[in-house]
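One structure below.
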Amino acid sequence: MEFKNIGYALLTIFIVLNYGLILQGVVRKIGARVGRRYGIRWYQPYIDIIKNYAKRSTITHGVMFYIAPVFRLTGGIGLLLFMPVIFGSDIFGNFSFAGDLVLVLYFQFFGILGMALGAAESGHPYSAIGVSRGLSQVTSFELPLTLGVIAIAMQYQTLNITEIVAAQQGGFMNWTIITNPFAAIAMLIAFLGAMGRSPFDVVLAPQEIPIGPPTEFQSGLLGVLQLNRAIFPAAKLILFMNLLFGGATNWAELILKTFLIYMWPVFVGTVFPRFRVDQSVRWFLTVPLIIGIIAIILI
Amino acid sequence: MVGPIYIIAVALGTAFSLGFFKKANVKFSFAFMLLAMTFMTFISGQWLYAFLTQQQETIQIFTAGFKPPFSISLQMGFYEAVFLSIINIVGLLSAIYMYDKLKEKGVQMMMVFVLLFMGLNVVVMTRDIFNLFVFLEIASIATAGLIILDKSANAISAGFKYIIATAIISGILLIGIIAVYYYAESLYINDIINSNLSFIKGGAVAVFLILIAIVLELKPFPANGWALDVYEAAHPGIGTIVSAASASAVIFVLTKILPIVGESGYYIIGIIGIITFLGSNLLGLKQNTTNRLLGYSSIGQIGLLLTIIGLTPYLGDKTLFIAFGVLISHALAKAGLFWLSGIINSKNIKGWAAIRRNPHLLVLMGTFIFALVGFPPFPSFFAKWELIMQLANNDKIIWLALILIGSFIEGVYLFRWFGYAIKGENQDLPEFKIQWNKIIPVIIFALGLYAIGYYYSTLTGSAASLNYIPLLFILFLYAIDFLPVYIKNTISIAGIGYYLYTIYPGLEEFNLIFALIFLAGGILTLLAGYTYKGKRQGFYPLVMMMFAGLLGLIEANTTLEFFFAWEIMTIGSYFLIIRGKKSMTHALSYMLFSVGGAYLILAGFGLAHIGQSSYSLDILANVQGYAPIIFTLLAVGFMTKTASIGLHIWLPGAHAEAESDVSPMVSAILLKAGVFGLIVLMLRMGAQSFGSFDIYYALAWIGAITAIMGNMMAAFQEDAKRLLAYSSVGFLGYALFGLALMSHLGWLAAVSLSVIHFMFKTLLFLAIGGVVMRVKTKEMYKMGGLIKKMPFTFISVLMGIIVISGVPPLTGFGGKWILYNAVLDKGWFLPAGAIFFAGIIAFLYCFRLIHTIFLGQLKDEHREVKEAPFWMLLPQYIILGVIMIFSAFPNSLLKPIGEVIMPYFSDGALEWQGQLAVSNFGYWNGELIMYIVGGIFVIVFAWLWFMNRNAQKVKQFNIGYSAERPSLPETTHFAYNFFAPYKKALGFLVSPIISDFWEAVSEGIHAIADKIRRIYDGNAQTYVLHIIAFIVIFYLIAFGGSYGI
Amino acid sequence: MKEDFKKRTVISPEGKPIEIDPLKDYFSDAKPKVYKPAHPIIEKFANWARANSLWVLGFGTGCGAIEMRPLMTPRFDAYRYGIQWRPTPRQASVFVVSGYLSVKTLKRVVRTYEQMQNPKFVIALGSCTINGGMYWDSYNTINRLDHYMPVDVYIAGCMPRPESLLAGFDKLKTIITEGRGEGANTYAEKFDWYKANQKKVIKDWDMPDYNW
Amino acid sequence: MNDIKTKFDITDIIEQRENLSFITIPKEHAISLVTYLRDVKGFKHLVLLTAADWLEDEEFQLTYLLNNPDEKSDLGVRVFISREDATMETAHHLWEQVATYQRELKEMFGIDFPGSPDVDKPFILEGWDDKPPYRRDFDTKQYSEDTYFPRPGRESNDPAEYMKKKLYPDEK
Amino acid sequence: MEKFNLENISLVIGILVILIGLWGLLTQKNLIKIIIGFALFDTGIHIVMVSIGYIKNGTAPILDNAVDINNAANAVVDPVPQALVLTAIVIGLGITALMLTYVLKMYQKRKSLEINNYNDLKW
């Protein structure tokens, strides 16, 4: 590791952050257009973040509450940096030499756990309810995801993401989604849960428990969370792109692929209504689980 | 040397001369009687000494100067001397014990008493069967006479039943004797033996009648209702005599008679014995009446002895060792318990809670109970060990199984009783006062048990190396129990530390790792002991006993040492667990699972010993046959300690109810004993399978399901310590899974997870223990918001749960990463999926733990709660430091473990490049991750701090609450049934199927016992009918179709 | 005052009685602060962002709530102006008080307003908030919202149509960009006056002076 | 109806419609009548309990409006109680929800119902310290002007006049 | 006719008395009658004992002139069973006496001789 890596990492974060924000805006815009609305401006997420940072007063419920957004954003950035973003690029390989796929999978929880703790310290019952729902849902979609990951790791005989991407080079017929469809389907369904969009958005459930865990967060704290909301989904998209869709050799390819992958939960989300938690837990542990098991058996 | 004939002379003389004393001189006459008893004891003891030290020859005494058959002959040999000593010592101490009663009843009773023992003495010594009959009758008439000591109607009617039954039995005996005489034309036993009666048509029947009569004197199941009533109703002193002295004498008679019967008699004795053993213990289950329970236990023990005698052909020259071990433990322990029951004076076993008022009495009772069940260091332990080894060696698997089942059932009711004594909650406890004459005999017998136990251990060839130093240390701690806590704590820590220091150079491989977990862990948890004030009576000896056991496991080279240590550990932990609040039922279930598990281990070792001369643990490596069965038995035995699914139900309660610093000991340290056992087993036995079915695959699934179930149940607990306890269940599931993989990485994962589990579970249990100590409740939803009051505890819990959940950068992730790689190496994907599912479920309970206790709303009552005591925090922060080091430099933990595993599994080892671990599949650099995460964290935090440095601190009700505001913290803290939707979706998985199963088993057995015991309807005639039916049935069995037994 | 907010004595785990004053112990009693605007250039940029990211907390008190809903529909689509709805006062910047305020409601409105973070803006909807409207002589309905909290924009009407609302939001944007949206600071500066007015009508004042 | 008349001391009966009538009864007998109606006559449902202030007669009028779901008919029981001593027997033992009505009446009219649960707790007004507001001698306009900072310059116009003047200023 | 010799007859009678005694012991509800049953049982055993020791045409086992010393073993009735019977009778007496003592005590306690009244201890 050299110090220039840090510079490269900052560059990656910068690009992905912007990409994430724009993606967020564009997707919401698309959602609005589906509903025959004009929708927000594509740069609205930027304004929101600036607005939140420009808030003058902040309240805090305690230490955990204060550093929860830090945990969250660290989780998001870490997830991004532990993955090779652009295949074959020294600059955007980031810190993927520190750990493999297992690290990436487990590092997701770093932010989730930290956020949950902070939200809980706010003392707001809705936060706790949101966390309860969120964790319940995470546990359930993690099972098909794990099965899919094992299947993929076995398929390529490695846990090294770079090598997994390398093995998928040379045309889309080499992509995992073609070569190992069951694992890919199981993981893509789990991906729906991971993105937290409808029908699996009961965690935030704006009409029900205001917005779940972040209910009490405001101003700068919320701003940090918003940054994470830009980076974290983008990082997840990149992970799935790397695992299932052959990775990307340049930014254009990355943007195209991740955008299209994102359309999958967006599409499902605009079509299906919300599941209750027990329903989604049950659902994840039936259909996707069976697909995952088939994927394992077929190895 | 005083001739044995003087025993009779003295007894008779005393009995007659007592008649001259007047009632006024009752004290003097008692002294006179005592003198006589002492003299009898002296004579027998003197002979015993002579036999033991100077090679004394067996002597024959012929009365009236004739040789047999024309005279009555007595024999004094080594065995006679032993039995006479036991009987006379029991007699002497009984006399002392019954001083009050005898004094009250006067000289007549003393006469009867002396005559009873004269009868028993002669019964042992005589070689003439008619003489035998006469003195048996004298003994039973005397017994019946003594029963009247108690004036209650029950005692009298019991005595009547007794006399009717014995009269019938003696009638049978008489017929047998005369018939034998008819065929053998001699009453001298040696002559009868030579005449081979069993091969004569009628002779066999005659012999059978004698045999069955003697057996009936031993109260075989089910023809024993009369004896039970006596046990229940008569004075406890009588119970002692009947159970300890008379039974010993009759057992001896049986061994005298058996040569007449010949080889085939053993078979019948064995069957009767095992039926008695099982039946009587089964019925004992439903007993609540102390003395009747003891009666059932007595009969059960005699049944075991009969079984052992019946198995003589297979046990060979070990019979004596085994039988005597069982007999002496039974005699001393049962006598002790009967005497204790006379002191406590509680008819119902629940009333025994009264015994707690005097802890020393409790120690005595514990001694007797553990001796009866066959725990070390008592003779019965070695006897049972030898018994199982020999049975296994002779392929008597069914007998082995039945004996273990019987012993287990006996353990159930004895420990239930003991539990009531230690922990039972009972309002109106009987008052009792301790008289010296009553307590001294009890103490003598308790000490005798220890002494004989030690002597016995030296007789066992392989046990010579048993390590008694820790036990002496325990004794020392017991002696200084009156000192305040901090002194004893320091001494204990110093003791463990010194021992660790001395054995450290000799340790290697797994022994080193586990020694560190056990002993260093012990020191850490003991540090928390400084928190306690006062004396903490009885705590330190018990703790040290557990650690002595754990230590013994590590030092064990032979199966016996291993088992010895295992049992010592069980005793210590049992007492530690039962010290907790409301722990009675949990401790019982712990004990039962432990005893059951121990018996499986015993059976496994026994089978492994087939065809082996050595007792070394290495015999496991080349067992002769039964390999998969041995493996399964041992594995299941060890899994009772690791609390794998199905065998886990003892754990949550036991761990949750224990004291704050005991929970980490039993949870973080004790469970590792099971892991250690599994490692010892797997290293030596290697891969095993039933046909094509791989046992390890099954183990992996068991591990995976244990992990899921443990974690899920943890997520649904309201009780913080119970949550942690279930979490232990789950985590040991991972360890089991890792071990089952049988690969380098699997073992690396399992061992490192064990180490990590030890660390974080100690951390968490201490932290939660500190919280519980402060807030005085374990229900999590009653806490909340404690972060502001106990920030240091919060930090350790936070780190603990990050480690549990395996989130990078802390060290828990290392275990998960290795497990992933191990699984991919091995190719067991479905259980792997389950294991990782379990890992994710861990998040649920982790979050719940920290949220409901430390976050959310602080409760009214807790507004002035203080931080946990320093001595609770100190060990936590030591562990925390170690965790941080292991997290940042994972190879400091994993590399040594890997090197230990290397000789056994070398394939697929990790390759270390600095802190970078490389496996076949992936790589991981703990140090780098730590830096990266730390770096990002600091930068983001700095940014946030810069933007929001002057944030307004608000209080707990300042929340956006739909324009309202909360009014009570209780209603605002979302904590109860935290994962309600999850429970709705998956709760069916954690429905208590397993506890229901065990409960149903237990209920069923109890119901059967209840049905069967209805045969004892309390009517003397029914009992006579039982006796006759018993004779007829065994006649049919013995002569089924053909003559000749 | 609700029973739960009265002083009570509980027993600590050690058995010591503890006096609890919920209003003091459970609520912060800090006074609001006046936050000075930053450097004009930064402030100008910040105001632009604030103006274009109006996160609305709708307080539907009466019939007015009905008129808010259409703003989200495709027909009016307030989102395109950067107006979004936020369910918690912590995150919202615009407080829309839609309609008449009974004394009881006023208490909640004040509390909610105080829970929002500086800078915050108030849009008062309908005649009732201006002068009581049809409830001008009611014994239980306040007449002028601006006596109880700083109001940036009044939208007259009974009720105002969604178009007026949009016009009002537009007006608010102008006010913010011009740097006149300092209601939160005004509130802090004239805190005593506002409090006196509030306490005059809210008879059972059972909360701290400032609800953080 | 005749049955009631014979059994109770009815002072007045108004038969508004076929299925709606009002009967007036002295205060002392009201609850027993209501009980009778509920238990015997099938008026199982209490529609409402309300009051009117007859300031001039120095009386409050309480109306228990009962409904007979089987016959689909309503019956109002009117009770006049004096304004001076505005108390009435409680009826919460007949219908639980009456307690709520009585709380409201206590708050708004100052009619007391001794024994009714929580009758003294504030119902919708929090901390009201003036005369009960529904009493007609309470001047709500005055109160509002004193309390709620009336906006100066409020004038009211007849909309028809105003628009006429504005649109057709020339016409008279 | 061999079967109907003295020893066989007494043997059969002895066994019959034993059985009658047992029958009485098992069926009678009165304590005294039960004891009588036992006494019969005991007596039966004694008869059996004596009859087993009997040698046909043997004389009393007294070594006087009537018996040839060298042939004594065949000529006299075996003396041992007779000695045994004496002892057994004494013991039987003792037991019977003790039983009666017990019955006395029991009667003093409960004023009843019905065996079913003494079933308190069971199970």
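By letter and in written order, the chains are A, B, C, D and E; residue numbering begins at 1 in each of them.
Just so we're on the same page, a residue touches a chain if its C-beta (ideal position, glycine included) is under 8 Å from a C-beta of that chain, and two chains touch if they have at least 3 such contacts.
Just so it is clear, the structure is predicted and the values come from calculations on it, not from any experiment.
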### Task
Touching both chain C and chain E: give me those chains, sorted by label.
B
### Query
Is the number of contacting C-beta pairs greater for B-E or for A-C?
B-E
### Farthest chain relative to chain E (centres taken as mean CA coordinates)
C
#### Entry: Central chain of the complex, centres being mean CA coordinates
B
### Message
Using Cα averages as centroids, what's the distance between chain C and chain D in whole Å?
### Response
36
### Summary
Separation of the C-alpha centres, chain A versus chain B, in whole Å, is 53
### Message
Using Cα averages as centroids, what's the distance between chain A and chain D in whole Å?
### Response
61
### Summary
Residue numbers in chain D touching two or more further chains are none
#### Entry: chain B residues counted as touching two or more neighbouring chains
952-954, 956-958, 960
#### Entry: For chain C, residues that touch 2 or more chains besides their own
33, 88, 90, 212
## Note on the structure
Chain pairs satisfying touch are A-B, A-C, B-C, B-E, C-D
## Note on the structure
In their shared complex, chain E is touched by residues of chain B numbered 130, 134, 137, 141, 144-145, 148, 153-154, 156-160, 163-164, 167-168, 170-171, 174-175, 177-179, 181-182, 187, 225, 228-229, 232-233, 286, 1013-1014, 1016-1021, 1024-1025, 1028
### Message
Could you list, by residue number, the parts of chain B that touch chain C in their complex?
### Response
774-777, 860-865, 952-958, 960, 963-969
### Task
Enumerate the contact residues on chain A facing chain B in the complex.
1, 53, 57-64, 66-67, 69-71, 73-74, 77-78, 81-82, 95, 97-103, 106-107, 109-110, 112-113, 116-117, 120-125, 128-129, 131-133, 135-136, 138-140, 142-143, 146-147, 150-151, 153-154, 157-160, 210, 215-216, 219-221, 223-224, 276-279, 281-282, 285, 292-293, 296, 299
### Message
Which residues of chain C touch chain B once you look at their complex with the stated criterion?
### Response
2, 4-5, 8, 10-14, 16, 18, 20, 22, 25-28, 30, 33, 59, 88-90, 108-109, 111-112, 115, 207, 211-212
#### Entry: chain C partner contacts - residues on chain D that touch it in the complex
122, 124-130, 133, 138, 140-141, 143-145, 147-151, 154
